[in-house]
Amino acid sequence: MALITRRRLMLSSGALVAAAAAGGARAQSDETATLTVQTFGGDAELAGVTAAVARFNQSYPNVTVDVSIDPISTGWGDYVTKVLGQFNAGRPADVYGTAIETFRAFAARGLWLPLDDFLKEASFSDLAPSLIAQSAYDGVTSYVPIGWNNIMTNYNRALFDAAGVAYPPRRGQTWDQFRETAMALTQRDAAGNVVRFGYEVPNQNFFVQPWFLTNGTSVLNADWTGSNMLDPRVAETLQFLHDLIHVDGVSPVPGADTLDNQFMAGQVAMISRGQWIVQNARANGLDMDIAAPPVQTTEATVIGFGGYAIARDTARPDIAKALVVELTSRETQREMGDRGGGVPGRRDAISPEFLAFPPSADLYYETLPFTIPVPSPANFQEVEKIFIRHYGAMMAGDESISDGTAAAHAELEDSFARLREQGG
Amino acid sequence: MGLAALGAAVTRTRAAARALDWAIVAVLALLAVGMLLPFLWLFSMSFRPVSEAYRMPPSFLPDSLDLANYRAVLDSRVPFLRVYGNSLLIALVVTLGQLVTCTLAAYAFARLRFRGRDALFSAFLLGLMFPAQVTILPIYLGYARVGLLDRPMGLALMYLTSSFGIFLVRQFMLTQPRALEEAALMDGASHWTIFRRISLPQLRPALAALAIITFTQTWNYYFQARVLLGREESMTLPVAMDVMRGYLASGNLSLVMAAMAMSLLPVVLLFLVAQRFVIQGVAMSGIKS
Amino acid sequence: MRSDLQRAEAMAGWLFAAPAGLLYASFVLAPVLLTVVLSFAYYDPMMGSRWVGLENYERFLTDPRSLGILWNTLRFTLFAVTGNVLLGLLLALALNRAMPSWLLSLLRLSFFLPVIVAAAFASIVWSYFLADDLGVVNHYLRLAGLPGVRWLTDGQTAMASIVMVDVWKNVGFFVVVFLAALQGVPRALVEAAAMDATPAWRVFLRITLPHIAPVAVFCVVYASIGALQVYESIVILTGGGPGDATRSLSILMVEQGFGSFKIGYAASISVVMTVIILLITAAQQWVSRRWVRP
C-alpha cells in the first residue's frame, strides 16, 4: 500500500463522505416484481440478508423479495437435492446462495446465468481475485463470491492458562508440538478416565482437510477428477490422527455429532473450525483465540466460500443482478462478518468489531494467501460420503489405515467413472 | 399328610409366592425408573446452560426452574410458535380425516355385504406393509411439480386415511352386537342413518383410541416431514429440532432440550388424560388380529 | 338375481369405502406402482432420464456395500424383534399379578411413555447418554469400576446400542398388547393347574402360550415391519457408522435418492425393502397357520 500522506488522507476521507452522501440519495426505481432468494446459513446470514433486502427495497420499493434460508443441518448433499428439486419442478428461485462444494455440481447442469461481464463492474473490484477465479467452471463464471471461511485451530485460552501451557504460536506450529500441547491439556481423573480432551479430531470433511494440506497432500488429485487416497502422505496423516485418539488419548473417537457444545462447556481445549464459531463463542462468553493449523511440510489451510448465482431463466435478470449487488455489498459483508457469518470477501468490509473477537482475528486474512479450496468435484456429495465413511471407520479403529485408504480409493474411482459416463 | 401340616405347607407356599410377587414388582419398579431416566435428563437439561450439560455426575433433577432456555427457544431463528402451530394443525387435520374416512370404510367392511368386499379389505391390509420409504419418492416428485412442497397441508393430505385405522375400527365393530342395527334395517332405515344414529355412538372407545394414536403418530413424523417440508415456516416440530441442533449439531444443546420438552407436552398430556383408550386401542389391535 | 336390497347394500358399501379408497389409491397404491416403475429407470429430468431395465437391481445385488447394508438391516430386525417381543412378554408376565391398580397404571405408563415420544427426540437424548467419554452411561460404569464401553463408535457395539435404544423405545407397546392377551387367558385353567402344583414354566408352556400364540405372531409381524423401517434413530445415534456398521436400507435409500439424487437406484432399494417385508410377513403367516391353533 502506498504511503498515505496526511493531505491525501484528508482528500480521500472527503471523497468518501461525498460518495456516502451521494450513495444515500439512492436512485429509486418504480419497477414491480417478485424475486425469490434461496440461500443457506444461520442467524448471522439471516440478519445480513434481511438487512440487505431492506436496503435493496430502498431503491426498489415495489419489488417483493421472498427469502428462504436453509440451515444445512445435514450437509450439502441435501441442499443440492433441494435446489435441483426446485429446478426440476420448474419453480426455481431467482437468486441462489450456495457454497463452493456445490459449485460444480450445479454449474455442470447449466443452471446459472453467466456473470463474467457482470463481475467486471466497479462494485466488485475489491473482491479477492482468487475467489473470483474459483467461481469459474469451464471458463464461465457463475458465482459472485461472498464470505469465506478457512479452518483454524480454535483454542480455549482459559484452559491453557489453568494448565500453565503457552498459547500456540499464531503460525508455524509443528504437528509434534501440537500433539504435545494437546497432551498437556488433556485432563484425567483419579481413575484415569478423561474428563477433558485436548483436541477434537474432526468428524467432518471440511474440518479435517487442513491436516492433509499441511502435509502437502490431499484426498483428491489436483484437478478434482480422481482419488489421491493411495498417496503415502495421506496414510501418514490418517495414522497421525488415529494415534492422537488411540495412542495419545487426546481426542475422543469421532462420532455422529460434532463437539461444539463440549468446546463451549470447556470440555475440549482445541477444535478445528471456521469463523462461524464466533457466534456461539461470543454467546457463551468463551475466552477463545485462533491459531493457524499445525504444519508438517507445508503451511496451508483449507478455504471454503459462498457465492450467489442467478438462475439462467429468471424473469428479471436486471433486478436480480441489482439484488445480488446489494447482497454482496460492503455493508452486508461487514454485518455478516461481525456476527460470525464468515470472513468478508471484500477486504474493506473488515470492521473493528470483526477484528475484536477473537483476539487474533487478523490471522484470518493473513492466512488467505496460502489457503487451498476444499475439493469440490461435481459428484461432491458422493465423494464426501465415501471419504467420511472410511475416515470414520479408520478413526474408530474398525478399518486399518491401509484397508481404509484402498477401499476409499476404489469407491472414489468408481464414483468418478460414473460421473464421466454421465458427462459430468 | 396331616391337615395341620397341609395347612402349614400351603401357607408357606403362599407366603413364598407373595414374596416372589413383591420381588418381581420391585424389579419392575427399578426398570420403570430406568425407562424414565432419559426423560428426566431431558427435563433437567432444559433448565441448565450448556456449560452445565456435561457436568459429572449427570444431573437428573433440575436445580432450579429457570426458564431462560425456554424463552431463548421462542426467540431463536426458528419460528417456534409457527412450527408448533403447524404440527398441531397437521395432527388435528389428519386425526379428523382418519376418523371420518376410516369409520366409513370400517362400516362397509364390518356391516355391509357386497361383491369384492373381502378383496378390497385385503387390498387395504396390504398398505400396512409398505414403508414410508417406498411411497415418498413419487409423492415428493409429484408435489414438487404441483407446488405442494413446503405446505403443511401437503403432508396432511398423505395421511387422511390409514389402513391401520380401518383395521382397528373394523375389528372393534365386529365385536359389537348387531341387534339394533338389524332392527333398524328391518324398519327400512337407510345405511347412512343406521351408521350415523346407531353404529357411530357404539364406536366411541375405538374412535377415541384411533384419535389419540393417530394424533401421536402424526405429531412425531420425522422422515416424511423432512422430505416434504423444507422451509422453516412450514416445518413440524421434529424437523425443526434438526434446525435447532444447528449446522452439524453445533447448536446450543440446552435450547434443543427445552424445545423438545415443549414438544412433548401435548402428546404426554393426551396420553395421561386418555391412557385408558390408548391402552384399549393398542390391545385391541393386537388381540383381534 | 340380486335383489334391490342387495344392490342398495352394494352401493352403500362402495360409497362408504370410497373416501378411504380414493385416498389410499392416490397416496399408497399409485406411489408404490410409480416407485416400481422408477426402479427400472435412471431418472434425472435435467440431464435426461432413460430406461435401464434391471441395472439398478443388478447394481444393488452386486455391490458388496449394499449387500452388507442389507445384511445389517436383517440382523438389526432379528435382534430388535427378539428383544422387543421377548422382553415385552416377560414384562407383561411380570406385570400380570395382583397389585394395587394405581401401581399397575404407573408401571404401565412408565413403560409406554417412550412409545409416544418422537424417535428423533429419544435418539438425541440417547446419543448423549451413550457418548464414549462424556456420556452418562459410561460415567456410571466407570464409577462401578467397569471400563467404559464404546457404545456408538465401535462397529460391533454400535449395532447392539441401536437395538437397545429401539427396544427401550418400543417394548412398552408389546407389554400392553401381551398384558391384555394374558388377561384373556381363562383364570380357571391357570388356577386348576396351580392346585395340582404344576410348576410355573409348565403352566406357561401348556396353558398360557397356546392362548396368546396368535397375539405373539401379530407382535412378531408388527415388530418386524417396524424394525425394517427404522431410520431417524440410527441416523441420529451413529449416522450409519462407524463406516457402514449400522447403516440400514432406509438410510441407504435416503442417501442415494435425496443425497446423491439417484432416484432410480433409490426406488429400487425401497422396492427391495418392501419385498423383504412381504416375504417376512408371508413366512410368519405360514408359520402361524402351521403351528398355532386358531
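Should a chain be cited, it is by its letter among A, B and C, assigned in written order, with residues numbered from 1 in that chain.
Heads up, the rule we're going with is that a contact is a pair of C-beta atoms (placed from the backbone, for glycine too) under 8 Å apart; a residue touches a chain by one contact, two chains touch by 3 or more.
Here the structure is a predicted model, which means the values were calculated and not measured.
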Most distant chain from chain B, judged by the mean position of its C-alpha atoms: A
Pair of chains with maximal C-beta contact number: B-C
Length of the line joining the C-alpha centres of chain B and chain C, rounded to whole Å: 15
Gap in Å, rounded to a whole number, between the CA centres of chain B and chain A: 41
Contacts with 2+ other chains: residues of chain C: 134, 258
Chain B, residues touching no fewer than two other chains: 53-54, 56, 141, 242, 245, 253
Chain A, residues touching no fewer than two other chains: 75, 88, 256-257, 262, 267
Of chain C, residues touching chain B in the complex: 6, 8-10, 12-14, 16-17, 19-21, 23-24, 27-32, 34-35, 38, 91, 94-95, 97-99, 103, 105-114, 116-122, 124-126, 128-129, 134, 136, 139, 143, 168, 172-173, 176-181, 184, 214-215, 218-219, 222, 225, 228-229, 231-232, 250, 253-254, 257-258, 263, 266-267, 269-271, 273-274, 277-278, 281
Touching residues (chain side chain B, partner chain C) in the complex: 21, 24-25, 27-29, 31-33, 35-36, 38-39, 41-42, 53-54, 56-58, 100-102, 104-105, 107-109, 112-115, 117, 120, 123-124, 127-139, 141, 157-161, 163, 166, 190-192, 195, 216, 219-220, 222-223, 227, 237-238, 241-242, 245, 253, 256-257, 260, 263-264, 267-268, 271-272, 275, 278-279, 282-283, 285-287, 289
Of all residues in chain A, those that touch chain C in their complex: 75, 77-78, 80-81, 84, 87-88, 109, 191, 193-194, 197, 252-257, 262, 267, 379, 381-382, 385, 389-390, 392-393, 395-399, 411, 422-423
Chain B to chain A touching residues, read off their complex: 50-54, 56, 77, 140-141, 144-145, 147, 149, 230-232, 242-243, 245-253
Residue ranges of chain C touching chain A (in the complex, touch as defined): 45-47, 65, 127, 131-134, 142, 148, 150, 152-155, 235-245, 255, 258-261
